[in-house]
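Below you'll find the structure, written out as structure tokens, and then a few comments.
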């Protein structure tokens, strides 16, 4: 357990000293959402209608943006080999790195989301659900994306390839996430959506690190 | 302390058969020197010993207990130093080293990191971020890992690259000490690293004569000629 | 299992099977097309448009069938490390993607007269579209590495991740669809299929399966030969 925390701590320290990844992801998220009024027009009703979907799609893209580098630098400088050879199981390494990635890129999205919801004129009834879905959904995005990041290590055009592989797998998260907000906006209970999201998270927590570790083992072979 | 052995090892890289039928044995206090031209599989053998590369055929064992039965135990017994130095540019040398020491199970990672840097003759780089280190200093930092956390078997792939004469002498002393304490080493090298009494393994002895590949019958070891072909 | 995983033995087996499977494919396709285009009655509601179904439905079956097969081969490849299992998934992917594309195209061709639009976000259509993306992703990943072995291994993991996700995606899309588009949307279900329609449908399904077998065998053979050439080049370079 202390080793696991050591891994998380190292990744957090690396991210904080490099400093760019976290801020770029959240800036991208904000810009992406801000573009929509220019595309569909400033009509408040239309914006309020699409707010939940827009914020969720932007969150997907923002999380993808930083995923490419999840294992990339460790792979290039040889750290990944050493991590694979350390006494810590590789599954735990994947989980630790994913957790660090989420803390650095996922949490800021959750904080920024309500501000964007205000900009898009979303009804306040949906704010709580928005934050809640992102809190359950963004770790899920990091977990699923981590598999893709591990699979595309060493590939040509890894970043583009990563989006091609991962975006279809993100669809259920998007459906339940945006669906929950829509439900609260229409005065319905978002509970079933949230439970399904939580179920997906519960399934992904053990499975995604396992698949990611399998992919990493091939990458360092 | 147990004996590390490999028997009937076959290494396949892509479709190329690198070596086949290779046996080795390292007992406590012993050193194995891997020799051979480029492409003869020195690095591959070390990666195989480390467990990064699965042997296509053959087995690795500690005192006869196969490595795949206890991969966690195996990883706890080895240190691997490869071509890449695994130095993070934004962390200081001491932070870099302390992380690996902690992961390897050192009780006080920071103290053992500083001691290891001292032993490799570079105590002054402890507070220097990785991006300002020279190639030789990064190499020493990487080698310091094997001292920062204890493990009986050291696998060193071309450790003398980028090192000056003084550093190589230091390394020789460190290896001798490790062996005297019952440790084992396997080293691949082109340059001379003095290791008295080291067993030499010439990898070109195990290079297959013909360019065999996975898509020939014999690579599956069961012969392939059936009645219809013979007829 | 190991017997057939030996590439040389596989080559002999493939040579023996190929003429038969190729011949049967052609015969069944001709017979099936004749039945479905001429010798079956038009639907009382849909008229001749119903004949698209004889291509569309088997293609939809095949798109799932091929993906499942690829995932099974991927599991075998990962567990037993057999070169043929890896190659199978790689060889089958474009064929599966082709069936999926046919399914999507015929689906929208059918939709144009029946629904009055080329595309609706119907749960089934959407699921098949996502399946198509999964195929494309797999093919892109397998070809993205300099070492073909590594590409196929990575592809195997992706296939297993994909096959776990297919039911989840399917379920979520259906859930989403019922929420956003209440019962007004027409379903592809149609009336229960009568026997004169079922026979050509089944013939076409068998023909498609045989076509798949034939093409995959051919592609596997070509792939193995290509690997041999590669090895010869490598050996020459080493000398």
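For clarity, chains are labelled A, B and C in written order, and residue numbers in each chain start from 1.
The rule is short, and it goes like this: a contact is a pair of C-beta atoms (placed from the backbone, for glycine too) under 8 Å apart; a residue touches a chain by one contact, two chains touch by 3 or more.
Only a predicted model underlies this, so the values are computations on that prediction, with no experimental measurement involved.
A.B. asks: When chain B is withheld from the analysis and all other chains remain in place, what is the resulting partition into connected groups?
C.D. replies: Connectivity without chain B: one piece.
A.B. asks: Between B-C and A-C, name the chain pair that shares the greater number of C-beta pairs in contact.
C.D. replies: The comparison resolves to A-C.
A.B. asks: Going by C-alpha centres, which chain is most central here?
C.D. replies: Measuring from the global C-alpha mean, the nearest chain centre belongs to A.
A.B. asks: Looking at C-alpha means, what's the farthest chain from chain B?
C.D. replies: C
A.B. asks: Would you kindly tell me how far, in whole Å, the mean C-alpha position of chain B lies from that of chain A?
C.D. replies: 37
A.B. asks: For chain B versus chain C, what separation do you get between their C-alpha means, in angstrom?
C.D. replies: 45
A.B. asks: So how far apart, in whole Å, are chain A and chain C when each is placed at the average of its C-alpha atoms?
C.D. replies: 31
A.B. asks: For chain A, which residues are shared contacts with two or more other chains?
C.D. replies: Chain A, residues with two or more chain partners: 221.
A.B. asks: Where on chain B does chain A make contact in their complex?
C.D. replies: 50-54, 72, 75-76, 78, 80, 82-88, 90-91, 95, 99-100, 102-105, 145
A.B. asks: Could you pull out which chain A residues touch chain B in their complex?
C.D. replies: 2-3, 6-7, 10, 13-14, 17-18, 76-79, 81-89, 220-221
A.B. asks: Give every residue of chain C touching chain B within the complex, in rising order.
C.D. replies: 2, 6-9, 12, 83, 147-149, 224, 227-228, 230-232, 234-235, 238
A.B. asks: For chain A, which residues count as touching chain C in their complex?
C.D. replies: Residues in contact with chain C: 147, 151-152, 154-158, 161, 164-165, 167-169, 171-172, 175-176, 179, 182, 196, 200, 207, 211, 214-215, 218-219, 221.
A.B. asks: Under the stated contact criterion, what part of chain B meets chain C in this complex?
C.D. replies: Per the touch definition, chain B meets chain C at residues 14-16, 39, 210-211, 213-217, 220, 222, 224, 226, 228-229.
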